[in-house]
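Chain nomenclature is as follows: A, B and C, assigned in order of appearance, with residue numbering initiated at 1 for each chain independently.
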Amino acid sequence: MAKAANPAARDLSWFVDKLAQGLIFLGGISGILLIIGIFVFVSREGIGFVTNGLEWGEFFTSPAWRPTSKNPTFGALALIAGTASVTGLAMIVSVPLSLGAAVFIGEFAKGRTRELLKVLIEMLAAIPSVVWGFIGLSIMNEFIIDAFNVPVGLNVLNAGIILGLMAAPIMTTIAEDALKAVPDGYRQAAEAMGATRWQVIWRVVIPAAKNGLVAAVLLGVGRGFGETMAVLMASGHSINMPTSPFDSVRALTATIAAELGETAVGSEHYQALFFLGIFLFLITFLINLTADVVVRGIKKG
Amino acid sequence: MFGPTARTLQDQQVEQRVKIGLGVVTGLLVLPVLIILTLLVIKGGPMISMEFLFSDPTNGMTQGGIFPALVGTIWLVVFALLFSVPVGVAAALYLSEYAPDNWVTRAINLAIINLAGVPSIVHALFGVGAFVLFAGFGTSILAASLTLAVMTLPVVIVSTRESLQAVPMEFREACWSMGATRWQTIRRVVLPNSISGILTGVILEVSRTAGETAPIMFTGAAFFLPFLPETVWDQTMAMSLHLFVVSTQVPDVPEALPYGVALVMIAMVLTMNAVSIGFRMWLRGRRKW
Amino acid sequence: MVKLSVSDLAIDYGGKTVLSGVDLEIQENEIFGIIGPANSGKTSFLRAINRMDEFTDGMNVRGSVKLDGTEVKDWANVYALRRRIGVVFPLPVGLPMSVYDNVALSPRLNGIRNKAELDERVERCLTRAALWDEVKDRLDTLGSLLSGGQQQRLTIARALSQEPDLLLLDEFSIAVDPVTTMRIEDVLVDLKKDMTIVLVTNLVQQARRLADRTAFFLMGECVEIAGTEELFTGTVKDQRTRDYVEGRFG
């Protein structure tokens, strides 16, 4: 019943397969193309600042960001301090909460409770940035003014807590994965020696999951660094070096969002803002790269 | 001889306390969601009405409704999906069905993780540089939705890839040894059995896209427009930007108005998440192999 | 007439040799058995015949494999080659589509759309695979949800739907109950008149029952080929063959 097939014949399905392969490959490299593209196009608009007006010393050491004054200065120190202080506070809030929640959900909670908690955390993650910003503006603002008896509630504390809550879900999820990846064998060996649940977790599981937990924190930091709207709306508007959590600050991201609309395309101010973008891109790229290397450490064993 | 020793009892007490402590910590994380939702409902609830949803903002946006913002968000989401889903599915197919285990593949994976981590304002700058200026689209729904598509591409890729990889290898081998091409196998067996994952990614993307503000601020969304958009070359209002505007840029706005907008946004987002979760649970019951 | 001619075949995986120096000829319309312990290269041998090595990273095939006189490597359209060859794997695979669609898949890929034609082929193949009676009233059941024995017969039906001239079976009865195994063995004997069959098996007695000639593979080498009766009644040339056949190792 053999068909007299010509062994040399390439039919339609052969060509369709090759075409599909080509298109799929293009899709495959889209990620690389886009990351490169982002760097290229943001740099394209901001490179003028580097070649013309940028004084590296001033940029990194001066808190005087005055792009619209008669003699514009572009000292980014206050902005960097703003980002750092808000992100730092966010981590202080978020790391213990996330790790604690990850341990609780992963090791102690069972069945329905666990499902419910995971759903609630997913919902926390779903809240859009601008809504968080609004919460900072309204609810958190009033709360801080009342609770701490300060005149202004838009400050490092406000943005820090909000950012902490925003970064928590992803940190919790990754930490949970890291804890889950610890082989049951470790737990069973410890339990066989008579350790309680908590002792097993504290002395065996957490140390074993160290890499993943560090990665979780790194990703949380990355998220904090890159957050725009929430920080813009909750941290206040003053560009200054913060001396207490009740000071208003301005972050790098928020600066771009707040000022870009008022610049002329191609002006020095415009280019400076794009330069801030390149700066942000590189920092978050580094953080993500580090986190990835650390995570790869887990997968290898 | 085998009764509990004093040390064991003490250990168990510690364990109990730790368990409670961690439970409290988890509660602290989860409680804000509930508090926020409650407050939004209380303060924003009164604003919600058919009129609110379907009429235009009036009186310098201190009164009226949010209709053009809702419409605008829908435009943006639809076009963002149009651009990101085909590319995302293709990328996932490459990673799952074709990619050999070499440095190019590692680079692609790294690029996707980084793409997901780029700050939203940097995406906005990219959108301005690439779509508004370089491609010449100007500030438009086209530029804004392309920017959003780039931003949410990783979401589609990751969930599609997971779904594709969940299809057992035996199915592919059976098809290949029958003489089916890779594409025929993908089209007839792999993709149809991954639709669930693709849809989950799409729903998630819709939810994220509808909430984003920074990427659309300078690429196509406007604070206020007197008419609805008609083509992709038009600018548009959007829910996310509208919340920003009424809570920070409009003077004398009644307290409830921004709460109402926030409430509608949260309702949209949480509904989509609930649909996604429910969908996933339904799928778990429908095993096909 | 020689259906499949193999000469100086060598296979390695990333440098690790699993098969070398294999020379054999398989005649048309015979059942050719291949026996031998695990890791002798039997499965790799089958994969080289229909060029499935191209889907395995690191698998290298050297030497000559000719189907009907033409080197399989010279087929410009490898998919056309594979369509002529049916394969049954050790683990039963029911594709996650209806039983009907499972068996109609190959004809559809070949462009057959006519419903009557498809119906006829589906019924014919399921009947020949001894599965028709069990599924004829529920052709829309998912193939992946059938029992193991049914899935294996479904795999055979799928292979038959290709109207192949060569059928390769790789330890088909491992995951299948003895009753189904017997039924499939009867099917194979009946199929012999229409196609050539290569039967890799770890059940020495199965080769004895079914094969016209049998080859003994041991650790990457084709040690001996003989008519089945000779192989089993002791007139073998190589001591290792006798030891394996008599169960002294396995």
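Definition applied: contacts are C-beta pairs under 8 Å (C-beta built on N, C-alpha and C of every residue); 3 or more make two chains touch, one makes a residue touch a chain.
For clarity, every value in this text was computed on a predicted model and none was experimentally measured.
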| request: Select, from A-C and A-B, the pair of chains that is joined by more C-beta pairs in contact. | output: A-B
| Reference subunit B; chain at largest CA-centroid distance | C
| message | Can you work out the whole-Å distance between the CA centroids of subunit B and subunit C? | response | 49
| Centroid distance [mean C-alpha coordinates] between subunit C and subunit A, Å | 54
| query | From the C-alpha centre of subunit A to that of subunit B, how far is it in Å? | reply | 15
| query | Can you list the subunit B residues in contact with two or more other chains? | reply | 181, 184
| request: List, in ascending order, every residue of subunit C touching at least 2 other chains. | output: 79-81, 83-84, 109
| message | Which positions in subunit A are in touch with at least two other chains? | response | 13-14, 17
| List of subunit A residues in touch with subunit B within their complex | 13-14, 16-17, 20-21, 23-32, 34-35, 37-38, 41-42, 44-45, 96-98, 100-101, 103-105, 108-109, 117, 119-124, 126-131, 133-135, 137-139, 165, 168, 172, 196-199, 219, 222-223, 225-229, 233, 253, 256-257, 260-261, 265, 273-274, 277, 280-281, 284-285, 287-289, 292
| query | Across the complex, what residues on subunit C touch subunit B? | reply | 50, 52, 55, 57, 79-87, 89, 91, 93-97, 105-106, 109, 142, 144-145, 155, 158-159, 162
| note | The subunit B residues in contact with subunit C across the complex are 100-101, 170-171, 173-181, 184, 188-189, 193, 288-289
| Contacting residues of subunit A [partner subunit C, same complex] | 1-3, 5, 7-11, 13-14, 17
| request: Using the touch definition up top, name the residues of subunit B that touch subunit A in the complex. | output: 11-12, 14-15, 18-19, 21-23, 25-26, 28-30, 32-34, 36, 39, 86-91, 93-95, 97-99, 107-108, 110-115, 117-126, 128-130, 133-134, 150, 153-154, 157, 181-184, 186, 207-208, 210-214, 217-218, 240-241, 243-244, 247-248, 258-259, 262, 265-266, 269-270, 273, 277
